[in-house]
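The data blocks that follow each hold one structure.
Shared chain: chain A. Partners: chain B in the first complex, chain C in the second.
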Partner chain A sequence: MSIQVQAIQHAFHGQTVLDDLNLTIEPNKIYGLLGRNGAGKSTLLNIISSRIFANSGSVTMDDQPMQDNDSTLGKLYLMSEVNLYSERSRIKQLFHTTALFYGDFDFAYAAKLADSFGLDTNARFGKLSTGYRTICKLIIALCVPADYIFLDEPVLGLDANHRELFYQELIETYSDNPRTFVISTHLIEEVANLIEHVFVLDEHRLTLDGDVSDILTQAYTITGPATDVIAYTQGLNVIGEDHLGGITAHYVYGSLNDDRPLPDTVTVEHLDLQKLFVNLTNTKKEAATHVN
Partner chain B sequence: MQFNFNSTEPIYLQVADQIEEAIFTETFAEGEQIPSTTEISKEFHINPATVLKGMNILVDNQLIEKRRGVGMFVIASAQSRIVAKRRDQFYTDYVKKLVSEARKLHITQAELAQLIERGFSES
Partner chain C sequence: MSTKVRTTTRYLLTEQLKLLGWALLAVVMIMVIIPLLFSLVTGNISNYSFTGSISNLALGVLFFFFIFIIESLTYDNFKLLIQNGISRRTYWQARVNTVVLLSLIGTILAFIYAYGVHAPLNHLSSNSILLDALHGPYVYFFGNNLVLGILVGMLLTWIFFIGTGLTGMACGSLLALFSKWIQRLLVIVVPVLGAFLLGFMISASDHQQTNYNFDGLVTVFKFLFGFPLHGNPKMGYLNPTMPVITMLIGCAIMGGLAYLFNRKLKIKN
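So, the complex of A and B:
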C-alpha cells in the first residue's frame, strides 16, 4: 500500500508551482519534505490530500484514484499551516469532531500529550497562542487513526523545549504504531537524523528523492588552496563554493573521480543535509554574494 | 553516549561505535541489557531504522544478541573480544601515527622513548 504521485502539474494565476512531479510515498517511513519558501511544499501536500486539485496528473493509492475518494482519503491526515478550526471550539470538542470524521481517535494518548505539553483542553481554540495552536493541531495529528500523516510545518511557533518533546513523542508513537509521516519543515538540522527519506523541491521540481544516508554518502566538501581544489573538482558536479582568504571549499554532489590523485593539501569531508540543501537550492544571486 | 552530528561518519556507524565504546568501558556490562532502539532514537532524535542498522552491526560482530520479546543484551565474552581487537589495532591506530608525527617534529627515537616513560610515570 503506497501513494503514487504521477506527473503532477499545477499553476496559480499562470505561475507554475509544480511541474511534472512524480514521487512515491511508502508505508511506515518517516519522510522529510524540504524546499525554499514558495517552492510548492504546501501545494503538493494539499494536492495529495485532495484539498486542491492539480491542473493535471494523478494521485493514487494502490491504483485507486484519491481525488474525492472517501475510502483512500480516510487513510491520510494533513495537519496544515492554516487554521481550519472554529475559534470558539473547545479543544476537547475538536478531538470529538475528529473522531466523528475518522471513526476513531486515541483519546487517552491525546490527554497524555495535552498534559505533557501543558495544553488546557477546556480552552477555546481561538484563545490559544501561535505555539499552542500548533501543539493542538499536532496532538490531533498524532492521535488520528490514519496510515499517512502529513505534517506541514509541525514546529511553527514552538519553543525549543516543545520541539524536543514533539520529536520524542513522534519517535515514541512511530515505534509503538508504525505509520508514515511526511514532515515539511525549514529546521533541517533538527530532523536530519530523524527522517529516513528526503524529498527536496526546488524550482517547481523534485531535485532530490532518496534515502538520507545514501544521499549524504555522495555529498562532499573539498577544501584546500584554490588552484588545487579547482584542479581536483574539474568536471565533477560542483553545487557551490565558499572562499576564505586563500582557502577554497567546493561542494560536490555525486561521485568523485577515484582515478584522480588527491593532493596532500586538499581534504575531503562529507556535507550534512542542511549544507547540501542550502547549496542545491541557492539561486545564482545568493551563490554570488557567498563568494567574497 | 554522544553523537557528533557534524562528523563525516554515517550516523549508523556512530551508533555502533558508541555502543561498542560503552561495552569496552563496561558502562554496559557483559550479560546486561542495553537501551532499546526506541530509547536511543528518542534520546538523540535518530530514526529507529538508523539505530537498528547500527545495532545489527554489533549483532553481526557477536557483541550483542537479541532476546526475542525482551531486548538486546551484551554477549558474555564481548568486552574481552573488544579488548583483543583494540590491542591488535593499537600499533596501526596509535604507534604508527605517533612515530610519523614525531619524525615531522624531528623528535628522535630516544626522545620519544623518554616522553613515553614520562607519560607512564605521570599518569
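So, the complex of A and C:
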C-alpha cells in the first residue's frame, strides 16, 4: 500500500505552484517534506488529501484515485496549518467527532496526551491560543487510526518543551504502531533525526527525493584556504559556499571523485540536513549576497 | 447506503435537529416570553394572552425559512468533513438524506402544531385550516375525508420542504465556491434584482401594457400547478399529480445543481 503522486501540476492566479511533481509515499516510514516559504508544500498536502484540486496529474493509493474517494481518504489524516474545526466545538467533542468518522480513536492515549500537554479538553477550540490549537490537532493526529498521517507545520506556536514532548511522543507512537508520517516543517534541525526519507521542494519542483542516510553520505563540506578548496572542488557539484576570514567552505552534493589528491590544508566533513537544504534551496541572488 | 453516508447523515441530522430546537426556543422566546415580560413590566398583563401568543407561532413558515437557511450553510460542514476523510460525494448524499428526514420531521411538527394547537386555540375547524393552507386546493381530490386530506397535505408539504431544503443546498454550495466578499455581494445584489424583476412584472401586468403579455406565463404556471387552463378551479378538489411532478422535477434540478457545486468545493486559505 503506497500513495503515488503523478505529474501533479497546480497554478494559482496564473502562478505555478507545483510543476510536474512525482513522488511515492511508502507505508510505515517517517518522511520530511521540506521547502522554503511558498514552495508548495501545503498545496501538495492539500491536493493529496483532496482538499483542493490539481490542474492536472493524479494521486492514487494502490491504483485507487484519492480524489473524492471515502475508502482512501479514510486512511489518511492531514493536520493542516489552517484550522478546519469549528471554533465553537469543545476539544472532547472534536475527539468524538473524529472517532465517529474514523472509528477506533484512541481516547485513552488522547487523554494521556492532553494531560501531558496541559490541554483542557472542556475548552472550546476557538478559545485556545495558537500553540494549544496546534496541540489539539497534534493529539488528534497521533490518536486517529489512519495509515498515513500528514503533519503540516506540526510545531507552529509550540514552545521548546512542548516541541520536545511532541517529538518524543511521535517516536513512541511510531514504535508502538508503525504508520506513515509526513512532516512538513521549517525546523529541519529538530526533525533531522526523526525522518527516514526526505522530499525537498524548490522552485515548484521536487529537487531531492531519497533516504536521509543516503543523501547525507553524498553531502560534504570542503574547508580550507580558498585556493586549495577551489582547486579541489573544481568539477564537483558545488551547491554553495561560505567565507570566514581566510577560510573558505564549499558545499558539495554528489560523488567526490576519490582519485583526486586531498591537500593537507583541506578538510572534508559531512553536511547536516539543514545546511544541505539551505544550500540546495538558496536562490542565486541570495547565495551571492551570502558570499559577499 | 454506505457506512460513511449513514454516519455523515446521522451527524448532520443530529446537528440540524439541535439547531431546530434552538430556533424553536428562540421563536417561543420572541413570540411568547418577551411579550409576557413586556406586559409585566409595562403593567399591561391583562391585555396579554398566553394562548393567543402560543397559538400563532406559524411553525410551518418558520420551518420553511429554517430549512432553507440551514441547508444553505455549506462550508463549515465541508471543512469538518473533509478534515475527517469524508468525500464531497458522501457529503452531498448525506445532505440530501438529511433534507428528506428533516423535512419529514418539520412537516409532522407543523401539522401537529396546526391541528393540535393552532386550530383548537383559535376555534378554527380542521377543515378550514386544511383548505386555507398552500396545499388546500388539492386535499380532497382523493375523497371528502379529513384524515386523507391531511395526509395529502402532509405529502405535498413534505415535498415542498424537500425542494426548499435542496434549493438552500444549491444556493449555499454555489456561494461556498466564492470568496466572502463576492458572497456578500451576491447575497445583497441577487435579492434586490429579484425584487426589482418581481416589481416590474407586477407593475407591467397591472397596467395592462400591450408590450408585456404574461398570459403565456400564467398558462404555464396554471399547468405546472394543476389548475384548469380555462374556467374557475374547484378549490380543494384539484388533481395534485401535476404539482407533485412539478415539485419533484424542481427537487431534481436543485439537487443536481447542488451536486455540481458541491463537487467543486475546496478549502480556502
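The working rule: the second predicted complex is superposed on the first by the 292 of 292 C-alpha atoms of A that agree within 3 Å, B and C clash if a C-alpha of one lies under 4 Å from a C-alpha of the other, contacts with A are read in each partner's own complex, and residues count from 1 in each chain.
In this section, contacts are C-beta pairs under 8 Å (C-beta built on N, C-alpha and C of every residue); 3 or more make two chains touch, one makes a residue touch a chain.
For clarity, every value in this text was computed on a predicted model and none was experimentally measured.
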Partner chain in contact with A:24 - chain B first, chain C second, else both or neither: neither
Which of chain B and chain C A:177 touches, first, second, both or neither: neither
Which superposed partner A:168 touches (first chain B, second chain C, both, neither): first
Partner chain(s) touched by A:53 [first = chain B, second = chain C, both, neither]: second
Partner chain in contact with A:86 - chain B first, chain C second, else both or neither: second
Partner chain in contact with A:194 - chain B first, chain C second, else both or neither: first
Which of chain B and chain C A:272 touches, first, second, both or neither: first
Complex contacts: residues of chain A adjacent to chain B: 30, 167-168, 171-172, 174-175, 189-196, 213, 216-217, 269-270, 272
Touch list for chain B against partner chain A, complex: 5-6, 8, 10-12, 37-38, 41-42, 44-50
Touching residues (chain side chain A, partner chain C) in the complex: 46, 49-53, 68-70, 73-78, 80, 82, 84-86, 97-98, 100-102, 146
Complex interface listing, chain C residues touching chain A: 2, 4, 7-8, 11, 76, 79-90, 263, 266-267, 269
